[in-house]
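The following blocks contain the structures, represented as structure tokens.
Two complexes are shown next, each including chain A; its partner changes from chain B in the first to chain C in the second.
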Partner chain A sequence: MTVHIASTVHVGRHGDASDGAFAEAVGGRLSRVDGPAKITGAAKYAVEQQLEGLAYAVLVESTIASGKVRAIDTKAAEAAPGVLQVLTPDTIISLRTAADWFGTPPPDKPYCPLARDITFSGQHVAAVVAETFEQAVAAAALVKVSYDETPAIVDLSDVKAGDGIPIDAMTKEWGDAQGAFASAPVRICAAYNTPREYQAPIEPHGLIARWEGDKLTVWEPSQWLDGMARTYAEWFGVPFENVRLVSPYIGGGFGSKALALSHGAVAACAARMLGRPVRLVMTRPQTFTGYGGRAATRQTVTIGADAQGKIQSIVHRGINETSMDGMWVEPLGSVISIMYATPNFSSRQNVVRVNSVVPGAMRAPGENPSAFGIESAIDELAYEVGIDPLEIRLRNYAEQDPHAKKAWSTRQLREAFAAGAERFGWARRSPEPRSIRDGNQLIGWGVAAGTYPVRRAYGEAIVRILADGSVEVESSSIDMGQGTYTILAQTAAETVGVRADDVVVKLGDSRFPRAGVTGGSRLAGVMTGAVYKAATSALDQLIGLAISDPRSPFYALQANTLVVANGRIASPRGDGPDVSIAELLKSVGRDHIEATGDTMPANSTPEDRYKNYTTIAMSVPHTEGDYSRHSWCAHFIEVRVDEDFGTVRVSRVVSALDSGRLYNPKLAESQWKGGIIMGIGQALLEEGIVDRRHGRVVNNNLADYLVPTNADIPDIEVISVGIPDPHSSVLGGKGVGELAIVGVAPAIANAVFHATGKRIRDLPITLEKLI
Partner chain B sequence: MRDLSYFRASSVDAARQAAALPGAMLLAGGTTLIDLAKCGVAEPETLVDIAHLKGLDSIEVDERGATIGALARMSHVADHADIKSRFPAVSEALWQAASAQIRNMATIGGNLMQRTRCPYFRDPANFPACNKREPGSGCSAIGGVTRGHAVLGTSEACIAMYPGDLAVALVAFDAIVHLGERQIPVDDFFLLPGTTPDREHAIEPGEMITAIEIPGSAAARRSTYLKIRDRQSYEFAAASAAVGIEFEPDGRTIRDLCVALGGVATKPWRARTVEDALKGKALEPETVRSASLLAVEGAVDHGANHYKIELAPRVVARAILKLGETA
Partner chain C sequence: MTKTTIPVHLDINGHHHDLQLEPRVTLLDALRDRLGLTGTKKGCDHGQCGACTVHIDGERVLACLTLAAQVEGRTVTTIEGLAREGEMHPVQAAFLEHDAFQCGYCTPGQIMSAVACIREGHAGSDDEIREYMAGNLCRCGAYPHIVAAIRQAALEVAS
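So, the complex of A and B:
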């Protein structure tokens, strides 16, 4: 097999932005600047605001999956102590339907966040508002809802579910896939399933809503302040500017906190009707039905290849579930259409309506299940033709984007395979399944690749240089733990020439300059660009003043430029004065310098700007222009499977990843490891289990919906193999946050096959599937 | 709002008197009780707090056995040097139970009294039918999601699994539950569901667990607790076994054997048929494996929990063989 042995990988500093020699500069390993506040509890999360007159709302949910609400008896609840209000579809104020996240003009009809027509179990049907949380909880239990129940379609395997709705926009075809398959000497065909999975952020969803006249303030964990503010504004028919979203810290989102949801509408209605601020927080069980997790998916992957394992044809069919009245498409053709070179290809996708809440985004929506299909299937092909699973991937390496037929902007996947294989010791692998054991433990090694597109959008930031020489950055973007505060501090510090300690980054307030959604791993690339531009223009102003203001100590020097470093200004040759930024500002009589930067196209109109930040309609396609832009990774995973018990434990992970330039390798590594850990959970543990009679997920809590514990996670080695990608972002980074989960589940399934000889095509790989 | 009164008991007698009143419940570490109150399953009118009572948290171990106060914390018992050396299965069962945080809060008395994790039992709003909660209302689990339900000791009324670990080890070694003066073998303390799944323990209103006594034995000294689950930590057992063994002086022939199963039955399950089949036999893998199959004699599955019938004997066999290796 051909593996590039890149012994420099470890000593070299691929992708860790070799230009960033200092921790505080871009590319440095600065620790999270928000860490101390979070560890000491000083960080105040959205619903922890202490507000005068706060009232508490608790939701009442449907206990059937399909039917109509016949009646809601609120008498007992209304009479309960402390109750201020019981909201039902009949008593709640009417809202307008808001545009979806593409900004598609909505139908002109009212929107009611409490349902009369029930399409899933756990739908919000009423809410109780009381003086205290405990009173609201007790009264909510007294609300009696009666229903006219109709048969539900509980999930994809329901006989009533049917084939679903074809989504033509997902069709990707070239060549003659069926014909080439029919004539291929080697053929494999298999079906791969992934279950409902849940984001399960440790901070549950919730908010505080407060009206002052026609102005609404919402404290709510949010991955998208401007988009959510627009939705609230449209619901209530108030100007966008009247809504302020505040979300300084977020206890995890993983895709689930990007949209204003019905529970938010309920709280904002209650606040409006009561004239008091209202707090509403979902219970953990409610977080399993109040919004959607990852949709369950089914894929069939058919591969035709020659005897050497070179792919001739791929035929792929996918379906994902969506709700009865919402549309969620989990793009299952995303990875399979680009990972390997194939002359003939066909991918189509249907969406099937079931009685569930509308599914939503969860870390790498689309790419994640898509990779489970193709990265399992190519492993099956490797065994079929009898070659090494890594070698088959190299034989089918796509030198350009096979779908867009464009050059990759950068694709360090070969380097990732080489670096990962080297560290893992892949060359020592014995090819036969069940050939390595340690007592009762069957040991298996698996490999799989992953990818995620570089999604690009726009961002704005203000950079201020203050009288004391410190720097302030403001943006309505957010930090949900991924490190925005830190990398923006690094960007501003390096660009202006101060220490990162002297930069204060303020995020999470929609009054600040705007930002699009924090999703699709786009924020870092976008916001470092905006801050870089704002900081550059602030620095230009500062130097301009120093050179040209007669009161400046540099005036006499007649210099055409100056250098700023460590918060001090001096001439490049060091022959003139050397003063602090504070001293300079004082001498020229300024109390601050301020500049705005954005990454929008130069001729953007105010309407463009509004659309850029409040919808995703303006995102730039990753195949725009001459290049196809993606992050890439390769996972090498060892599992130990107990031959009697079927329990699978991951004992080793080496992943090599190409996210382009890393703005902060320490934080990127944490994100990658987090993605890998989540992938381990997906492979082995996570599944929303549905009671088929009730159409209800019954393991709706963190004792029964299992995510990995520390004991499930071995040491994880991550290797950066990226190089700066100028086509992907201003500073050369590609996506980090979602990439690393992609490919973990198939790498584990492939390792399980190598260990046991059993191919598990249904996630999660629980013990009963192996005993 | 549901008002409830809180009573901080000043003595065991005061606690027992208060707990005898209708609607009163003892509160120890609270890790089961508060959880169930939040689910709407437990609806105490009075909480009788015993957590602070003096003298009930001692752990005394000598040749004759161990006496563990009802208020000893799970983590303290698990880490107790003499428990580790004389009753390894007890310590191991506790180490593998719940999480570090819960073990620090939870008491031994409360641990015995923990309730099933049947999801239907825990969600009264969505599943009104549950014979354990509301006698005569039916069983929502039968015909539903049963992956975690029992295959042994079930009845038509209830198939809920007893989820605890410690009690499995206690049943294996013939521990005795002290309810003040009254003493009752732990195997009799746990009741089969039969037609009255709401009655789980042979404890009367106004009674309180004061201590657990575990007789010392050679088998208890050479013992282990093997717990199998999908997640390495912080999950209830898919199947578990507490096993203790004593060999004849030849080091191979089994003189005494104690076996109990967890995660598969409606109560901690003593597997005497396995014990009887192996006593007097030499420890051979094949003999052990085939005898272990007796552990699930009479087991009945409800679909998704079928794997437990396969798994449980393998867990028993592995545990026995593991103890043989250390001979």
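So, the complex of A and C:
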């Protein structure tokens, strides 16, 4: 048994830079350790591997939204130069249906990633494989597909769409919401809409698939190596261990790269049939239909309140679109059910089938549109009763989770309101709409809150202390820009007692110890915990050897504790030897020390572990036990609206955020600002536009689907108001990545109302809605 | 393969390359697929995102809208050729210091654009930087940090 006091993880009072004694410790502002590779072009992303014999695949997509493929004429394509193979539903090998991400046993029927029955425009119907990319592109244009077309339901506003399917699991009700609303002195009711939005990572989806016998290697940008490996294994009926996913860097995901998708199946089939590695990368237009963006949503929010603005009842009804053959539920009741105290509440949700690709996860699915509803509605209530929009939020502050009826683990939202308001200068705001002007620009100030639950899962990691005294960390988790490489280096460095420079973190290979999905802002909390445990265990072994091995220079000291810092081992009293880790390992004849750590419950079976890492079935509810766990934020935003043209510019943003303890404030601030910027895009620019004749997304490219550019974004100030939350993660952090987008769009809509007197309830806020 | 290729001679980062290419091969695909210079990224292949920005004779150009055969006899610099003798360009160093990227995929294009933006004399103010960097999309939303990095690097380059 060894006892050591070396470098125990220091949990500071604040979630800011003051936590870490050095930039390299947890809480320090260490620059990205993967940064040098990214800024020099050395970082090889998944599809950039140079493989011998690589063939190139290009997809052919349906041009109708509903109907059947009558015939596919491949003759011209097959005769084109360099073509190796044309895959159609008739020629592609048959796969098995894989379980969904919950691990639900799939129906026992074949799966074909190329479609005969068309349920949306842009569905994959064929693929061409050729010796070069150019040849594949040219030949794909020669594939002629004929269809028997049937009428499509193009979107939620289609008269054929109907009311949809009630999702009972989404119902949240307490008290008598309808009765209390009917008798409330102040009543507001409004409808809020959000359009289809797209994740639009700058790296398009794609992969390289290579078979060696029954073993498949897939280089693919992935937010979930083990989940995707399971899907490939089940499709092809090979053992899980036979599939290796490699994803060293991910060029943005935002929710869209967590699942193995049909284009991946096509490429893996092509590689198997051809006996060669195959690369398939979606074109930018294909990324708008090859997987789903955020579903379009409709909400009605009714609030009954007293004359002082105290809420008595909230009634909420929501719908989101889903596809004809898939089920996506965007949980619209998530924020409205917890943000404010109310004695009476009712939220219900339907989903409506339309001819679209099945929608998917996009940064804060559910919380994002839910916050647009309630955070717009409470602003409307503030104006109805004549109370400051910030004051009405404080007046209805939820002192506990109103839905789960549990205490918050930590909720620094009041502090966020105070810090943001102070920095923004909110107290100087004149409440009257159209009361601030600069020439022909109307200026408005808006506020809104946001929240995101602390989703928790499990992860495992190996920490090795190597002969040269350096430390190696391995995990199949990933870094798509959140900073995983960096914060795991900081965690291992601080825990073992070495410099961060001496830690090498290896991620993005499914051969490494496993990790669940990187989504729901859970990875940092999960993986810092796993690395902390593995590193602690490795340090225990190191100090145990130093104390007990007769060859160790510390053996004669008869110590029961040693200190490891900056890669050197010494007695805490300063007496005795002072040697480097490398020297100690050499003296005891070891070339490395290795320890595995995980955050799984102690009695977990191998089956539990497999299920945990390859499905989301084992995620821990954020309301488990005595607490309700969430991140919180408050956005204060200034807009300038051109009175003649109706153009809206965001001119100032101050956001105060509670993500608990920050493992690296420099990187967390970047993620927060990124979320805010995506929120500005959502508020003012982003909208998938559907051609009503063909059910086709027509702005399926980066010139017509507008994401924010540098010129759209002002300087943004973010303030951390978090405190360590021991109920949320091993090291006290809460979610970072998704939080900051939540509440941005309503803050802007509220600012636009303040500027113009016009309440826009339908995103994005484009000029024609203001003039 | 049918005889549809032409010889193309490229000068990239100070190295000479002799390639046999179809005339329709873009500079971007030649760099990435033929020469293994994958630092230049493909985000849209339509000149909409800026991820493929390289320098041709010192000016910023979109490699996806440029045929490889068009740059014969001209000097091409990619992100891999920006550092000199192992010394990072001030823009690269400033990007790291200011955390002007997250996923890193748009980053080579941002950096190549930023170097040219400074050289063009378009880094005089934050608003000017924002305008002249608006052709390089960053979906992670690193824009404020990109502006800060360019502001700093512009001063260093000038001094």
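Methods note: the second predicted complex is superposed on the first by the 754 of 771 C-alpha atoms of A that agree within 3 Å, B and C clash if a C-alpha of one lies under 4 Å from a C-alpha of the other, contacts with A are read in each partner's own complex, and residues count from 1 in each chain.
Definition applied: a residue touches a chain if its C-beta (ideal position, glycine included) is under 8 Å from a C-beta of that chain, and two chains touch if they have at least 3 such contacts.
Everything numeric in this text was worked out from a predicted model, so none of it was measured.
Of the two partner chains placed by superposition, only chain C is touched by A:32; chain B is not.
In the superposed model, A:670 lies in contact with chain C only, and not with chain B. Contact with neither chain B nor chain C is seen for A:600 once the two complexes are overlaid on the shared chain.
When both complexes are overlaid on chain A, the residue A:482 reaches chain C alone and has no touch with chain B.
By the document's definition of touching, both partners, chain B and chain C, reach A:132.
By the document's definition of touching, of the two partners only chain B reaches A:685; chain C does not. Between chain B and chain C, C contacts the larger number of chain A residues.
Using the contact criterion defined above for the overlaid structures, shared-chain residue A:251 touches chain C, although it does not reach chain B. By the document's definition of touching, neither partner reaches A:118: not chain B, not chain C. Of the two partner chains, chain C is the only one touched by A:45; chain B is not. Put simply, chain A uses residues 81-82, 132, 134, 138, 703, 708-712 to touch chain B in one complex and chain C in the other.
Those residues of chain B lying in contact with chain A across their complex are 1-2, 40, 117, 119-120, 123, 125-127, 143-145, 147, 228-235, 238, 306-307, 310-311, 314-315, 317-318.
Interface residues of chain A, counted against chain C in their complex, comprise 31-32, 34-45, 48, 50, 81-82, 131-134, 138, 199-204, 249-254, 281, 283-284, 480-483, 666-667, 669-671, 673-678, 701-703, 707-716. Contact residues of chain A toward chain B in the complex are 63, 80-82, 121, 132, 134-135, 137-139, 141, 285, 440, 642, 644-647, 649, 684-685, 689-694, 696, 698-699, 703-704, 706, 708-712, 764, 766-768, 771. Per the touch definition, chain C reaches chain A in the complex via residues 1-2, 4, 22, 24-25, 29, 32-33, 36-46, 48-49, 51, 78-80, 82-83, 88, 92, 95-97, 99, 101-108, 111, 126, 129-131, 133-147.
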